[in-house]
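Remarks on the structure that follows.
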Amino acid sequence: MFTQQLVNGITEGSLFALIAISFSLVWGLLKLVNFAMGEIYMFGAYAGWIVVSYITPNLFLALLAGFAVGWGLGWIVEKVAFKALRGVPHIASLVCTIGFSFLFKEIAAAIFGAQTKAMPSFYSSTALVVAGANVSWLQIFMVALAAAMMLLLQLLFYGTKIGLGVRAVALDYRTAGLMGIKVDRVTSIAFSLSGALAAFVGVLAAIYYNAINPYMGFVPGIKGFTAAVFGGITSIPGAILGGYLLGIIENMSVQFVSSGYKDFVSYLLLIVFLLFRPNGILGKKAKL
Amino acid sequence: MISISRKYRLVLQLCVGLLLIALPYLLGNQYFVRIATMIGIYVVLASSLNLIIGFTGMYSLGHGAFYGIGAYASAILSLSLHWPFWVTMPLAGLFTAMVGAFLGLATLRLRQTFLVFGTLAFGEIVRILIMNWNSLTRGPMGIPGIPVPSLFGFSFKNFSNYYYLVLVFAALVVFLIARLYRSRVGRAWVAIREDEVAASTMGVPVFGYKVLAFTISCLFTGLAGAFYGHFVRYISADQFGMNESFLILTMVALGGTGSIIGPVIGAVILMLIPELFRFLAQYRSVLYGAILILVIVVKPEGLAGVKGLFVPPSGTARFHFRKQKIDSAAEGQAGGGAA
Amino acid sequence: MQNRMIALLSAVLVLVGGASLWAAGGTDNTIHIALTAPLTGDYAEYGVNFQRSVQMGIDEINAQGGVLGKKYVLSVGDSRGDPKESVSLAQKWTSDPSIVAEIGDFTSSCCLASQPIYDAAGMVQLSPTASATTFTPGSVWSFSIVGTQAYEQPFMADLAFNKLKIKRMAILFINNDWGMDTQKFFKENFEKIGGKIVAVESFFQGEKDFNAVLTKLKESKPDALYMATMYNDGALISLQRQKMGWDIPVLGPSSLYSTELTKLGGSSVNGLYTNVSFFAKDTDPRVQAYVTGFQKRFGATPNFHAALAYDAIYILTEAIRRAGSTDKQAIRDALAGIKGFQGLTGTITFTPNRDAIKGYKAVQVVNGDFKLLK
Amino acid sequence: MILEIRDLEKRFGGLVAVNKVSLSVAEGTTHAIIGPNGAGKTTLFNNISSIIPADSGQVVWRGERIERLPPQKVSAKGISRTFQNIRLFGYMSVFDNVLTGTHNQYKSFVWAAVSHNARYRREDKEGRAFVMDILEKVGLVDKREEYARNLSYGEQRKLEIARALAARPQLLLLDEPAAGMNTAETEEFDRFIRELRREGLTLLLIEHDMKLVMSLADKITVLDYGSKIAEGTAAEIQNDERVIEAYLGKRRV
């Protein structure tokens, strides 16, 4: 049972880890939280759902559609909540993203209806059995995909010009601007990327859980955020570690504490961590 | 600030006061009186959160939980020990303040930005505790039948009566907060908001005053919870979740941080919008989100807030994480720079 | 700045005051009733079904000439599943002199929160679905037609223990007022007749990952799993259970009865036992008329909750007809006196506590379809 | 001696910002600290005012060690300061900025603030009168309702000193008070400082304007790379080899 819970935790953890990266990206650049992240995730799931149920039952196309929709929504949120509000109090941007969270949820409910919709499953057959724990192809695929995504991001940040720009802006906004980096463009791209990532995870989650509805984003949004803080919100490896740890801790606390207290355990751990390691497990100074 | 002449202001306050007193008669309808009462409770909530956000420059995303602690404390005391509202209400406030003080002592040394996460997690912990602690809180079943307060045989069951009760309470809280704001204590808070290091060299014990602000804010929030519980007479955990924290935060931001009247306006508007647009049925929530975004984009400082507050003159507020080496080291030592 | 704001504030208040003036009214040949339902938020899909069914019933009754020669006018309010909103709506309805009765809300906590308002104002609060045992005893104005879990769960316990010969049961319930009640009554009754509950676990509204709880429940080696959940969560749980390779009989209360369960759950819900008091495949012509009418108009098959709302408007109509007037007290008394009302969800007779005892029929999902159990 | 610093040391990572510096300030004198940029002058001030505690060494105030006290306690002892990069309370009125400076002198707390009791009224009246006196002295009376951030640079410098004076300090630490001032302003500032000195205030001053330093300082300490390289009167310092070296670079022999 322990191994089964570990497998469950790691699978759930890959979802958390990817959302955590989204939060981490925005935080690193703007020191801000996008509370509409969960809703972008939800719209991604709907985009994937439209593709597989109306166009073609192709998993990769669905993921791509989610990515694209998330990119667009991230771009919109950035333009309104952050760019238009540059140089104004933090709290304004924060409240603006809360407004977006409301708006997205209810727009989705108005367009698609509030009913939970079925999402077909892919690769759900058992791939292997490890110490009595079933592991499905989808679970392997998810973990692999999460790993690939993280690798890709590292490559992006450390191997490309735009990545260099993102790191520079994260380090020092003003100096980066003086050095000729197009700060607005870099922020916009990073923000859209974070949205795209969240929506991408939305599609994955929809396939994993086989269901979508307009209010599905709230819990993963909060969990992703928690994971990001857990691992160190200023660092992407930290966010990933936080995601997996949170997934494993939650599943283990169901097993060894009680299902009613699983969130309690993770939030308590979060507070304790904040007290003794305010920058998270891997977080140091602004490092991406 | 644009200052109005004292005389003019007094006349205005008198007019508003009279209007508020005459309100139940003007409105006639119990539905509107109820909304007015709820607005009163939210005026308290928003004003006390403003004490933290607007005056002292800290964050709290856990105020929904403090609100719930107050409501539950008063409800449980009055139902299990049959104490009157006039005893349970202040006790609930004190208890909430105590919890707030403990949380403050634990987390206020953290960098301000981490306070956001700390309070958010705390809010969730409280909600989960309420949901699971069946023997005390009846868990998800909620607590029905909370008694209506009465005073010397005079019952507040009638909404108009309760309205006056809440009116007195809200007016008192706003008055107290205004007095604190204009006192030595309030100046210390604003000094902390503006520059912690400078405040400490001017003799302000930064940490102590932060905890004080947090505690007082929680006291008022807990009291508001008690007033709420005895008003609706049924409370359940889902009434005090994260959405509630967000709602209160939104009221402060929309009305205007750092001013006395701002949160009041925010509470009035955000309570009225959903009622005014009821005829839109499911599209009402879409509109709510849209209005929120629009107002914030047009007036980021809030409707009655101080323009540009929290933004250093250079205008690169949120990007000033790395100033001079000595500077950031100083901030680190003194417990964090501006968020 | 400040004075402008205060002026604005007073203007708004005056506006609200003015608005109250035109809110009154209601002419002689209409009957105004109100519906409170969560049209947005977590419970929106149930609330929307409420609205559809009640609107459908009203349109039918109006088409037949209305009741007492008067036509219905329906006011709908969105409570978002938030008790505060529900209370606010209750206040709105009771403050409107033209409204004579209210149908709603969906969740028990919303109903409980608004109960004092209806009680104080003296207006019928007829909830199709509120099943908390504390609800209807709380006020003589409160009615519920779903039948509380105190009646339904003994039936399910009997089905499980005596008919299906299940000795060891694991329970998974949604941690809200309804789920708490459901699991409590099932547990009590199942243990009373000799069964053993080997594990009880819960989850919160909005959670999508049940792998951990299922893994833990599996460990307790039960004969069957009892899901005290709504159909959408039930479908998700079944899917994840199937993927885990945990093959076990599954039972659950009537909230699982919905064509959506089989649509969402696919093959994973095959073999699931539940009970119905409303059955869409019922040969009763009234049920068929309702189901086809609903399908034609909204493109969906009505579920148990939708049918309950439909029954609510008809039983209210019956009460108004018997009362012979739209006096609120008369309507309440007539409603309380209704016995043996033939609804789509079975025969409804109000107990002295104003909740309903229903007849229950066991059903099983066979090849993606609900079949009555012999 | 009003203030004695003994072997104070502060490191940032590998950088030794203050390297075993000792100096003493006599009561009623004006003591200047000079040195090239990055010599550790501001860090020394931060150590004294406890914003950044020193790693080792002692800060002795009238015979009492204060290096472990928090900044507000140091302030309460009678040490007040200004900052190199002006740190005013931007969104506070000029008047309130100075009034905040009086924080330590009064005891009004929450109860007094909300009840407006006798003590509050007395302290409030007293404090406001005192602040008006100070504002008059620095010439900011007309600007008292303005937000501090809306003042000109020179006015902000004055306001910062006014705020520091509101704490009724016995020792005032001034960190480059004349930076960015033009000649006329500097002269006015010179007069202002002399007046403070006449009132018996002890001053410790970091300044780059040598003319000002030479005219004001009774004693000058020179820091370079965190270490004290010279100390003495204006005349002594002007002729000190090592000082000239530090400022102009090593002279070829």
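As written, the chain order gives the labels A, B, C and D, with residue 1 at the start of each chain.
Heads up, the rule we're going with is that a residue touches a chain if its C-beta (ideal position, glycine included) is under 8 Å from a C-beta of that chain, and two chains touch if they have at least 3 such contacts.
Computed from a prediction, not measured in an experiment: that's the story for all the values here.
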Determine the set of chains touching subunit A that also touch subunit B.
C
Touching both subunit A and subunit C (chains):
B
Taking each chain's centre as the mean of its C-alpha atoms, which one lies nearest the mean of all protein C-alpha atoms here?
B
Based on the averaged CA atom positions, which chain is farthest from subunit C?
D
CA centroid of subunit C to CA centroid of subunit D, Å
72
Whole-Å gap between the CA centroids of subunit B and subunit D
39
Between subunit B and subunit C, tell me the centre distance in angstrom, where each centre is the average of that chain's C-alpha atoms.
35
Whole-Å gap separating subunit A and subunit D, where each centre is the average of the chain's CA atoms:
49
Can you list every residue of subunit C that touches 2 or more other chains, as numbers and ranges?
40-41, 44, 48, 175, 204
Can you list the residues of subunit B that touch 2 or more other chains?
1, 131-132, 282, 285, 309
Among the residues of subunit A, which are close enough to touch at least two other chains?
106, 109, 258, 260, 263
What chain-chain pairs meet the touch criterion?
A-B, A-C, B-C, B-D
Given the complex with subunit A, which residues does subunit C contribute to the contact?
40-42, 44-45, 47-48, 175, 201-204, 206-209, 211-213, 215-216, 218-219, 232, 235-236, 239-240, 243-245, 260, 263-264, 266, 300
For subunit D, which residues are in contact with subunit B within the complex?
12, 42-43, 46, 49, 51-53, 70-72, 74-76, 80-81, 83, 85, 87-93, 96, 99-101, 103-104, 106, 108-110, 112-114, 116, 120, 123, 127, 145, 149, 163, 167
For the complex, which residues does subunit B have touching subunit C?
1-2, 4, 8-9, 12, 15-16, 19, 23, 26-32, 34-35, 38, 131-132, 139-142, 144-145, 157, 159, 232-234, 236, 238-239, 261, 264-265, 268-269, 272, 274-275, 278, 281-282, 284-285, 303-304
So in the complex, which bits of subunit A are touching subunit B?
30-33, 35, 80-81, 84-92, 94-96, 98-107, 109-110, 171-174, 222, 225-226, 229, 258, 260-261, 263-264, 267-268, 270-271, 274-275, 278, 286
For the subunit C and subunit B complex, residues of the former touching the latter
1-3, 5-6, 8-10, 12-13, 16-17, 20, 23, 39-41, 44, 48, 76-78, 80-85, 87-88, 91-92, 94-96, 109, 112-113, 115-116, 120-121, 132, 134, 138, 175-177, 179-181, 204
